[in-house]
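Have a look at these structures, which come just after this line.
The following pair of complexes shares a single chain, chain A, combined with chain B in the former and chain C in the latter.
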Partner chain A sequence: MKNSFSPDTEGNSYRHRHHRWLWLAGLLVLWELIRRISGVNPLLMPPLGDILMELVHGIFKGMLVRRWLLSMALVCGGLAAGTVLAMILVVISSTGRGASSFLSLISSLMHPLPGLALLPLVILWFGTGTPAVLFIIIHAVLWPIFVNLESGVRSLAPAWTGYARILKLGRWETFIRISLPGSFPHLISGIRTGWARSWRAFIAAEMVFGAVGILGGLGWQLFESRVMMDTPALYSALLVVMLTGMAMEEIILARWENRVRRKWGEPGDTGMAAE
Partner chain B sequence: MSNRSVYPGPAALEMKDITRRWPGGEPVFSNLYLSIPRGSICCLLGPSGCGKSTLLRCAASLDTMETGETLVSGEAVSTPSPERQLILQDDRQLFPWLNISENILFPVRRSTAGSAEGLLEMVGLADSGSLYPSQLSGGMKQRAVLARSLAAEPEILLLDEPFGALDSEIRKRLHRVLLDIHRKRKLTILLVTHDVNEALILADTIIYMDSSGKLSQPEVNPLGDERNMENPQFFQATMKMRKRYGLLIG
Partner chain C sequence: MKLIKKLVICIIISPLMIFFFTSCTEDKRTVTLAEQYGLAYAPVSAARLKGWFKEEVPETEFKWQTAGNAATVRESILAGKLDGGFMGIPPYLIGKDRGMKWTAAAAVARAELGLVTVQPGVDTLGDIPENMRIALPQPGSIQHILLAMAADRELGDAGIFDNRLITLSHPDGLTALMAGTEVKAHFTSPPYLQKELMIPGARLILDGNEAFGGEFTFIIAVFSDDFIKSHPEELAGVRRAIQRGADWLNENPDEAAAFLADYYRMEESELSRIFHSAALSYGGDILGMEDFQDFMLKRGYLKNGLQDEELILP
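And now, the complex of A and B:
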């Protein structure tokens, strides 16, 4: 009998993450080397020190932290709303073949549609404020989570669904007690994909719509830095966008998924979720 | 061979004139009659693919029948219910997101910690309540499934080759667990197997289903209360049964 969850996978995953941070440090060193050797205009490729100074200044004296918090709040709020909506759609989809086929068609049409392609319509419907950005985030999140969750519900072990029938569980009770937890690994995969899509969509939407609220988020920070030709600030904001995306993916979501998969006795996944 | 397998006395489970067809239209079995007395263990013995499992799923009302009806304690039933618990050979019956205690108490709406402990002890898993299914061996999983079925306080246990994938030592241990539970709970058990030895160890009565889906008359276990492989008559009884039904099984 095994008394612990696969320690080898844990070790490999740790080494994998460790290597990624080393590569990142190597890239920063390479940046500085190329800049110094090529003698490129510092406006195009500012010194690493200037970028880091701008980053530290933005964190302690500027508005970077507040803008980061606003961005995270909006994306996480959209992610939560999209997840709940996807769950509702999956329950509707399980009511019958008609509903399932209709929602399958809608998800096939909407899933490949980039949020930015909807921008002209979204501006007409919601204007350019927070509701418009939230709509874009929810659109980015909803379809990958719906597709993954529905696939999870469809691939539930027949013994579980049979047991729900034996216990005479109703539709909602079956969903809450068996289908949802039973498709949890699929749900997390959907959330990973949804997170990546929504983070990209939010940054892009804010650069098109303008600041969300009075302060604006990281997208607005990028836009503002470009207009002011403040390239160290532009690069520092880009660094925050990239590191946030990577940290969320590597530290929170991938670990969460691996932990669930190991608990289930499935091999841990260290790769990115498919889109 | 006939289509009728009838016991005298009150039946806990009766299946009357049942017909089930394969998707192509060929009958799996047709117009079967089966009756299982209350509190007995009945083994349905037969070769692989003869329709035993389908019959069991019909008894649980998980499969629809073209004709006929299922009666539990004389009342017609058409939908599954917790009183008829089905246990399969499937390795994925437990819920992997719940620990063993939570799995066992899944059918119970309001429970106490004590009720899980009692059931865990009954199936010999007293120290395993906090483990997850992925941490258990195949035999331990089947014991946990058995405990979960008992938590629903069923009248009838329907077992579809539940010990088929286990090695012989674990299987022997689980036979003892099942017989012990049957003695304590007075359950009616219909067990499907293709293993003659298993049928002789567990069953009060044995019914044979042939490859065309026909049933034999129920046969009382010739070993009486001495149902174990150490009984000198065991080998003889096995050979007799194989010869009678032309068995190349188990």
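And now, the complex of A and C:
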């Protein structure tokens, strides 16, 4: 008998996706029903039509698309920079016990620290522009990727590192040719966590810092709509933030992770069974 | 069967959500007000600390919340969690224009506001280069509208600086200016204005009154129309307490400085100097409502014009 915990077969996944769309439609209907029945102030709950009109206006006549592109460029840039930095840290960590325990301490200290808690220091170090927001994004991304990647490298079968010794590979070459491919599933898990953290950090940073550059991103759009009391625009920007987060997480990253896992095996596998 | 279960859950949840969104009022022998931190709010803080609100309306319990900015006050009043709060005239007008049911009922403070820069070679608005960022509390704030008014008059374009703004709280703006970041100008109010003018090379390039073209009230007290209609006695008491705080500050600057120095974490002498100066004066009539509205209507920040009697409680 199948239950909700049955394996995620293709049929299940198809049904699951359809159920989500149904739930979404149900929530929208519920929104409109509550609004109409309760007579709640439209400044609190604007009509769905107004929100959608605002969304369409923002896309075709407003700055929503440009702001979305700027947000994506910054977050993806930060994600890429954070990933490269994490790789460098993993290589440094593999140089010896001292480096490994030092970086482990730093990551334990920094990983739970919200980027926004560093805000006053960030203003002093980087000012308030793009470098400051990039710093917040990189901080959000770096530690989960580092922790995941390092654990992937550590869990590699000794035979793999043995090959590196036989082939007399250098530290960096060993990482690129053996450790990184061997711990790819871990890296992808880290990037997924990093994406979620960086997306939230970026939106929050912009709402606190103000616009990044001349244009500003989606966080600025939210803040601007809030202070100018444009509630439909606020909800439409929120919708874009939620849908982007969901699309990136579930459509792009989850599929990428599934494909990598099918090819390379689960995180924690030795990697010997891959291909 | 599963569908029926889900429908039942929805039917149970819906009335709860309706209740959540509509349960905005509570029994009113309690008055809930939002206080903000800053010298312009001193009449409110002094009256609260001295217990004058309780004295003016003895049978009423006062609850105080701390708000970070005008938007928070506006949202809390909209949600029915606050009876009143304090803010600049432009955020009040924006709320009124968008349908907020609230009315201005008292002047709290007039203040010397100003745009300070540390950028060499910038002595007027026209000298501000395109890549220079100007920090102020938020779009739609009194500082933003004053900057737009001055830009309109001096440069013929109210929105010329809109893409060069950066939103920072007053303390963060001061930090950014002192740290030599890309923020080279800050539109601020006392005591940050005085502190910034002490930074080497810093100077005032725009004065608030000059930008407005006369005197105006910086902070006003705003109350929800529900509260105004249903609690006239409490409202009158709150207005009396604010005026009492304002009169006390105007008439006893040294005593007020000694009393409030700890609260503001400032040296008593510095606070006394500010209270004695023309940088701040408290209470009086609400000034500048009509001119702010006219400008904001003309430049598209507002859509609907209102009469003075709809905007200010007699």
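Basically, the second predicted complex is superposed on the first by the 245 of 275 C-alpha atoms of A that agree within 3 Å, B and C clash if a C-alpha of one lies under 4 Å from a C-alpha of the other, contacts with A are read in each partner's own complex, and residues count from 1 in each chain.
Everything that follows uses one rule, which is that a contact is a pair of C-beta atoms (placed from the backbone, for glycine too) under 8 Å apart; a residue touches a chain by one contact, two chains touch by 3 or more.
Bear in mind the structure is a predicted one, so any value in this text is a computation, not a measurement.
**Q** Quick check on the superposed pair: does A:R226 touch chain B, chain C, both, or neither? Answer first, second, both or neither.
**A** In the superposed model, A:R226 contacts chain C only, not chain B.
**Q** When the two structures are overlaid on chain A, which partner does A:A159 contact: first (chain B), second (chain C), both, or neither?
**A** The answer is first: A:A159 touches chain B but not chain C.
**Q** Between chain B and chain C, which makes contact with more of the residues in chain A?
**A** Touching more residues of chain A than the other partner does is C.
**Q** Touching A:F184, do we find chain B (first), chain C (second), both, or neither?
**A** In the superposition, A:F184 touches chain B alone.
**Q** Is A:R97 in contact with chain B, with chain C, with both, or with neither (first, second, both, neither)?
**A** So A:R97 meets neither chain B nor chain C here.
**Q** Mind working out whether A:K168 is in touch with chain B, chain C, both or neither, as first, second, both or neither?
**A** first
**Q** Once the structures are superposed on A, label A:K61 by its partner contacts, choosing first (chain B), second (chain C), both or neither.
**A** A:K61: touches no partner chain.
**Q** Can you pull the chain A residues that chain B and chain C both touch?
**A** none
**Q** Using the touch definition up top, name the residues of chain C that touch chain A in the complex.
**A** My answer: residues 10, 14, 17-18, 21-22, 69-71, 74, 78-79, 91, 94-95, 98-100, 133, 135, 138-141, 163-168, 172, 175-176, 179, 181-183, 301.
**Q** What does chain A use to touch chain B in their complex?
**A** 1-3, 5, 157-160, 162-163, 165-168, 177-178, 181-182, 184, 260, 262-265
**Q** Which stretch or stretches of chain A touch chain C in the complex?
**A** Residues of chain A touching chain C: 26, 30, 33-34, 37-45, 120, 123-124, 126-129, 209-211, 214-215, 223-224, 226-231.
**Q** Using the touch definition from the top, list the residues of chain B that touch chain A in their complex.
**A** Checking each residue of chain B against chain A gives 60, 62, 79-82, 84-86, 88, 90, 92-93, 95-98, 106-107, 132-137, 140, 152.
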